[in-house]
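Given below, in the form of structure tokens, are the structures.
The two complexes that follow have subunit A in common; it is paired with subunit B in the first and with subunit C in the second.
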Partner chain A sequence: MTDKIATPDLMVYAMASEIENFNTVLHGVSSPLPVLGMSVARRTHAPDMAYISGAEGVDSEIDRIYPSSFDPRLNRNAVAYFGLHEAFDLAQRGELNVMFLGAAQIDRFGNTNLSVIGKIDNPKVQLPGGAASAFLMPITPKVVIWATRHTFRVFVEAVDFVTGQGYNNRSEGCKKNKIVVVSNLGVMNFENPGRTMQIQSVHPGHTVDEIKENTGFDILAAPDVGETPVPDQDIVDLIDRIDPDGIRRSEFH
Partner chain B sequence: MPASKLFTMFEAISRFVQNGSAVALGTAQETLIPFAAGHELIRQRKRDLTLIGTISDILFDQLIGGGCVRKVQAAWVGNVITGSSYNFRRAIENGNTEIEDHSNLTMSMSLRAAAMGVPFMPARTALGSDLFKSNARLKTITCPFTGDTLTAVAAIRPDVTIIHTQRADEQGNAHMWGNMGITREACLAGEYVIIIAEEIVPTDTIRSDPNRVVIPGFRVCAVVHAPWGGHPSPVPGCYNRDHQSFIDYRTASRTPESFADWKAFWIDNVKDRVDYLNRVGKNRMDRLKIKHHLRSAPADFGC
Partner chain C sequence: MKSVLTSFEEATELVDDGALLTFGGATFQRAPMEFIRELVRQGKKNLTLIDREPAMDFDLLIGAGCVAKVRTGMLAFEVFGMAPNFRRKSEKGEIITKEGACQPIIAGFRAAAMGLPSLPVKGMLGSDLLTISEVIGSQKQIEDPFTGEKMIAVKAIEPDVAVIHAQKADAFGNVRIEGPLYEDVIKAKAAKKVVVTVEELISAGEIRKTPEATTLPHFIVDAVVEVPKGAYPCSCFNYYDTDYDHIQEYLQAAAKDTFEQYLDKCVYRRESE
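On to the complex of A and B.
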């Protein structure tokens, strides 16, 4: 049955697994997979997490997701509204544990680019912008980057523009913070002395070699590389219930 | 009784927004975006505006396509459910419009600094990001107390802040609820504040719940009554997000020609808000209207 689990569901489960109980967790704009990951975590292993929506509701009752991750319906029955700027204040005080961020490009040190492809003064493609990345990347104890297209165009030798700071662009104090990358092929981390990206686990049906071939820099497998854990049917059903329209699949086209 | 500040949309925009103004609009992320006011800016052919916002969704793209914009100060500009937006990309990639890249936090700090009347705010981060290269309003400083290296985020003072709210009285005392983002900071920072309200209510309604006032009327210069003025963005308690509009807009804005057609139908040839709503259509409005009500319990302000 393991090979029957769809990639988006596997990624949602991998992202949910990065959350521990009692964590304070935030998601941002255009983030259907993080919204699902956080919802799954809260309904399974992390019932006491503080769920802060980018839409500003705290611990809302999320029956289902919508095409926008900031839809006001994601705030239904919130216990409080907590302004996004207040969530950032929380991060500055060191009280935000986990944040989910995207990347149009990511490099071996974990630098992310959400600003521009090409040169900043002569852009080939102007991207929407980094939103929270430049601020939250270095100071959040755990940042989970999701990437639905693991190719050498996304996993590049060096990003065109550093929106979010990788380990070579951080102060010593911020180097202890973790980056985890969840792609459509596997899960990557930076848990080695050089703080470079390595393969932590490979999704069922994929291989270390496939990840290497689709990565634009030399990437090694961690010594304890394994297979990405597969969610139980209960969790797959839960994801289906929260996302009956399959919005999670929209990022894979 | 203080004088009424009630204006028509045409009067409020023509009187308080000049060519070259810095205008903050869309300060609650994807919610309560003042689309009706933005469309009026396009109709009046305002030029050389600086747009200030956090996540402005497609309104900034429309203003850019309308030729109104010289500069954008924002954390994220696009079409939230479909990604990049085309007028924005064309304008930046052709070098017609300038972008000052922010993060959500630096944007809110810039407005908070202006609201507090100080030249900058210190932040613990953004250090190491290339935002420093593209945004002259970010500098590093040494904290005089701890010696830490910090980011100084320069104040941004909008000439005009335009917000959309659920209700206000004629003096501009405005009730707002749901997620509000940095709306209060933007209202405190702005030289002029224009309130666009779904409903104009008696002052007694405001007085019954003064904690819900986002900005008191003494800081407001104009109030405009514009039911559905936030469409297609959502307004909690009134209507939901019109996702189809955003998807249609993505297709319509793909080329300058198709955008011109879209703009003619939805902005240039629209006589007033009633005409706009006729174009949206009753069926669509019925679908979007809030049916799932979640009312708050009244608070007793007695003493």
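On to the complex of A and C.
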């Protein structure tokens, strides 16, 4: 049955697994996978996490997701509202433990680009912008990047523009903060002396070689590389219940 | 207190061509869409728009040719993808795009709201966004005078006009925003002029019964306009949800080169011939 788990669900579970109990966690805009990951974590291994929604609700009971990650219906049964500026205050105090961010390009050092393909003043492709990336990437203890298309066009040798800071663009103090990358093929980390991207686990049905072939730079497997854990049926059912319309699949088209 | 109850036309006169504007809400939630459609109908030009995470509000004004410059943290249509007019005009060089990042934009509003010329923030160091922001003069590296910590000073952002759609207000400009506030209170305090469109007018007596529900007191607000459904197709909490079908219709119109027809139908509300 394990090879039947759909990729978005595997990614949601992998993202949920990055959250520890009692963590304070924030999601931002355009974030169906993070919303689902945070919801799964809170209903499984991290019941005491502080859940801050981009829609501003704290510890809301997410019974449904919507095309907008700021939809006020995401605040159902919240205990409080907590604005983004307040969440950013928390981040500056070092008290926001985990944040989820996207990337149109990511390189071996973990630099992300959400700004432009080509030159900033004359873009070949104008991308949406990095939102909170440049602020939160260096200062947040753990940033989880999700990438639904693991190809050499996304996992590039060098990003066209550094929106979010990888390890070669960080002060010493910010190098201790972790980056984890969850793609449609596997989970990557930077837990080696050179702080370069390595394969932590491979999703069932995929291989280390497949990840290497689809990565635009030399990527090594971690010494203890394994298979990405798969969610059990209860978790898959939970994801389906919260997202009956399959909004989580929109990024995979 | 004097009445600031205003007609739609008078309120839009507060927005000059070339003005620096920001709007309440975030992405598809409580953006002042009907006021924005009125700006399009009046043919406003050369506007500069600034906000952390706008969506259709900015893209509509850009598509209608009202905008010269935009500064945002992210401008997209959530799971529906890119903002079509923003992308097209930015790639053609028809608008000037200066990407910021959410925190420096919010901090810029906060500085202006506090009457300060700038505010320090963490993060940003090592990002190319800092480099381009230093060139345009919106951010600068500094050292904290006490600890020597390297930080970023963000220049205050004082919009000419902040336009906010709220649920309720009285005629004097005491405003109740219900549900998520986003940075609306900060933006209102930061701006030179504040226009609030509301779902419904309530009495000053009603306001006095629960002052803790008032999010903006009257002296911050320059104009109140009663505009039911004023955020449509965005949501207005406690009144209506986002009309995601309409937003997809907008995207299809922009993608198929039928955006003018969308403007005719949904903004100018002209009969099709």
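Note that in this section the second predicted complex is superposed on the first by the 253 of 253 C-alpha atoms of A that agree within 3 Å, B and C clash if a C-alpha of one lies under 4 Å from a C-alpha of the other, contacts with A are read in each partner's own complex, and residues count from 1 in each chain.
The criterion applied here is as follows: contacts are C-beta pairs under 8 Å (C-beta built on N, C-alpha and C of every residue); 3 or more make two chains touch, one makes a residue touch a chain.
All values derive from a computational prediction rather than experimental measurement.
Engineer: Would you mind checking whether subunit B and subunit C clash or fit side by side on subunit A after the superposition?
Structural biologist: Once subunit A is superposed (C-alpha atoms), there is a clash between subunit B and subunit C.
Engineer: In the overlay, answer first, second, both or neither for which of subunit B and subunit C A:Arg170 touches.
Structural biologist: both
Engineer: Applying the touch criterion given at the start, work out whether A:Ala6 contacts subunit B, subunit C, both or neither, answering first, second, both or neither.
Structural biologist: Once the two structures are laid over each other on A, A:Ala6 reaches no partner at all.
Engineer: Pick one for A:Ala222: touches subunit B only (first), subunit C only (second), both, or neither.
Structural biologist: neither
Engineer: Tell me which partner A:Ser115 touches in the superposition: subunit B (first), subunit C (second), both or neither.
Structural biologist: After superposition on chain A, A:Ser115 lies in contact with both partners, subunit B and subunit C.
Engineer: Just to be sure I read the superposition right, which of the two partners does A:Val125 touch: subunit B = first, subunit C = second, or both, or neither?
Structural biologist: both
Engineer: Between subunit B (first) and subunit C (second), which, if any, makes contact with A:Ser133: first, second, both or neither?
Structural biologist: both
Engineer: If we overlay the two complexes on their shared chain A, which of subunit B and subunit C does A:Leu90 touch? Say first, second, both or neither.
Structural biologist: Neither partner.
Engineer: Classify the contacts of A:Asn77 with the two partner chains as first (subunit B alone), second (subunit C alone), both, or neither.
Structural biologist: first
Engineer: Determine where on subunit A the residues touched by subunit B overlap those touched by subunit C, and list them.
Structural biologist: 29-30, 54-57, 66-73, 75, 81, 83-85, 88, 92, 115, 120, 122-139, 161-165, 169-171, 174
Engineer: Residue numbers of subunit A touching subunit B in their complex, please.
Structural biologist: Against subunit B, the touching part of subunit A is residues 28-30, 54-57, 66-73, 75-77, 81, 83-85, 88, 92, 115, 120, 122-139, 161-165, 169-171, 174.
Engineer: Touching residues of subunit A toward subunit C in the complex: what are they?
Structural biologist: Listed in rising order, the residues are 29-30, 32, 54-57, 66-73, 75, 81, 83-85, 88, 91-92, 114-115, 120, 122-139, 161-165, 169-171, 174, 247, 250-251.
Engineer: Given the complex with subunit A, which residues does subunit C contribute to the contact?
Structural biologist: Subunit C reaches subunit A through residues 26-29, 52-53, 72-76, 78-80, 82-83, 86-87, 90-91, 93, 97, 99, 101-104, 106, 110, 121-130, 132, 150, 179-183, 186, 235, 237, 241-242, 244, 247.
Engineer: In the complex of these two chains, what residues of subunit B are touching subunit A?
Structural biologist: That would be residues 29-31, 54-55, 74-78, 80-81, 83-85, 88-89, 92-93, 95, 99, 101-106, 108-109, 112, 123-131, 133-134, 149, 178-182, 185, 234, 236, 240-241, 243, 292, 294 of subunit B.
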